[in-house]
């Protein structure tokens, strides 16, 4: 049925490298000619703000339909609850923290673990809940150093089995090393370690959930193009597929669920 | 705050083994006395229909509040989109199928892989989408042998890179071995193999998503008990926490999303 | 240095599919012509007895040097302590048994787990030691049903935490299902399950050790060819690289280390 | 049989925390009294130089037999080819580098990855061979900056698919960040990243090989004690179990296999 409604040559998946050439009028013209030569009249773009912005400019100039799929481990794209890559990165973080916990608990150490996410704390927050972290520091929530000091005085001393604090790389107080430096006066007597998880978070075989949503979004993208939609991003909101104007996905800012932040505190009462 | 509102001794997590004794009046009475002795007046039960039924009978007889959390790899509990354990099992299935694909593609074989799920096809369906399976056979959808034969004649011959058919253990035509036996006349010329994934699907370290929903549901369960709720199951519907009367969760039947079944067909056009 | 000593075009890696054509005089002739056309005068063959036999026949007829690398998950090749693939499969078995143990220990079940290995018990034996299996049944050791019955009466009843019996697929008494059937009279009162691990053992990303020995053997193979060796297999014996006449690797039979079998018994005293 | 030859109470496994108290005469005396109270007359100690030194001092003062098992991810203990933990850490490094390669190859980046090992390069060397690293920097080999610059000019430009350089944490030139700083003038035009793998290398479920050698060594340790040996470490040399005077294991220095270092160069011709 899908095959019946459009010519196989008209549409297929295509990868645009984040090339500097594509950002010039000249480069875009060349890209358009390449597409026409290959009888491609639509693009499905997997990426974030940057890719969406580039391809939107492109579609304004040339007769190419575009649909965006949200793809980033940071999960910071407006218009969708989840992004392709987020769940895989989350599992990588959780597995890494599990391994760190083996050391932390056998040597009675306190670990500050830095999690990726550029200027967003989604990955850190979700990982913090999943790992049972003692505390998280994310850019979206005003860090209350007194609260943390209070935690050190009361919480840590009550001897939790794992002693993990997650710090988002975009945290305003700085990354994990900077945070530890600032907290130094309050960390006397603790055996403190820092681990920056780094680029392992950006790779690996995709998790089942990421494959599932990627497939679902891709199928929707193809149907959207068949139905002559363009300039939209496919998202998932409250577990349902939605269409979002791609301009909104570029401009608007996704906010963190403050109820989830509270879970971290509740779990560490 | 959580600590302020109830006495620590009043409430803690508790595991009821699926014991035969608990199914008798005598056994229930003994269980109640043990709980009272330990100053426990509420139970949070993680399980499926059987556990919910048992604990409901118990709470009818004795002054014990109960809240259920849906826990099964089968994801077949009414009143919740997801169950604790489902995502972990799904990742196990996907990783296993990835490994089988290595053999299937290098030896050009066709694999019928049997996936758990008792009489439900949720795990098979979701795994089928995630793995890009050629076809799935699940009890909820009338198996059309002609359609499958048609697929063999047309689809398989077009040389897909992976040649995986997932069969739910509860499939009405039988498990993977029985299905292959019935299809034998149509499988001449194919190098057909059967793999029953089995009990590896019931264990392993929990995935990030399972830890996340288990934590969220557990927090909600405690608040529900604090607010004097009882006889409910905590569920997640459209990505939001919900309360479901536990009797409904026991009696009603969860249905498969037929749109998702179509994705398998679309991906194999 | 390596580059200096031979012409890049003379030698590169090559994969021979297990094709029926290659087994005919006609097919071999065609293969030789293809090699000559591509200026290939030597083959490095990764495989087992079958591949070695085929390529040996080929090298007798044509002017092509051959070196074999032992590649099989079964580890049953004479002249080498380890084969490429064995360690990866072993890790897959151990991870699978770990998952099965989660179920076995929480439901107090006894599992008979069938492990691959054609007519050899190397994988089962090594996995048995690594997993702390209660018992193993392998074709190289006369199964003493009385000993096993004795174990059931004494060992199992002493409540080990894991209750795993590994059965090699080539076991003379039959696979796991057959063994359980034969033992039925003695298994009354136990909750017995069977799990056939199957083809997941043949795939997956290679373990560190397999990558290490594959690299080491490959380097040695290239140097052997540079030094005009042919008709040999590269092996590892007592952790040192060795050359073995490929005819010996084909004809002779590798024996199991009986001391390792005893470890299973010792661990289950 | 094992059970027949010694009293169960006489011997069991025991974990000594690396406590400061144990380093004093007073602390040792207390430890001895605790052992006697529990009818323990022998210790099997898993660890490295520090643990071996401590327990040797202990056994000189008190009537307690000791046997050491080599346990460290660094594999830097004299008298054994392998240590318990090395293979697990190696697999963790290889999996992490695989994930980093996903990013490195899709963004055409050069990664300097810092691997643990205190002042030893065993883990870095073995990981380098297993991952197909472009180059490794380890403390045991004089770093030749000219050679590396030459590699950058010739090797890297020939566009390898992965662009990974492993740096041992104990490298004399400094860790990965310091090395990159020193090489800065030669790295112009490359997109260079640094990843410090950190404490994930110290945890995780043990690999099959580590479970296997730990079991084998443990069995030998028990037999050694039964046969009245003391003051030895169990090792594995050329794949065979050996006894090593524990004083030697403490004092002597294990050297790196220079042939393995050459493999890195050969693979990057």
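Each chain gets a letter, A, B, C and D, in the order it is written, and its residues are counted from 1.
Going forward, contacts are C-beta pairs under 8 Å (C-beta built on N, C-alpha and C of every residue); 3 or more make two chains touch, one makes a residue touch a chain.
As the structure is a prediction and not an experimental result, all values here were calculated from the model.
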Check every other chain and keep only those touching both chain B and chain C; list them. none
Note, CA centroid farthest from chain B's centroid sits on chain D
When the C-alpha atoms of chain A and chain D are each averaged to a single point, how far apart are the two points in Å? 35
With centres defined as the mean C-alpha position, give me the chain A-chain B separation in Å. 27
Taking each chain's centre as the mean of its CA atoms, how far is chain B from chain D in angstrom? 41
Where in chain A do residues touch at least two different other chains? 98
Every chain pair in contact, whichever chains are involved: A-B, A-D, B-C, C-D
Taking the touch rule as given, give the residues of chain A at its contact with chain D in the complex, in rising order. 92, 96, 98-103, 111, 193, 195-204
Over in the complex, which chain B residues touch chain A? Could you list them? 1-3, 81, 87, 90-91, 93-95, 98, 126-127, 129-132, 205, 207-209, 211-212, 215-216, 219, 238-240, 260, 263, 266-267, 269
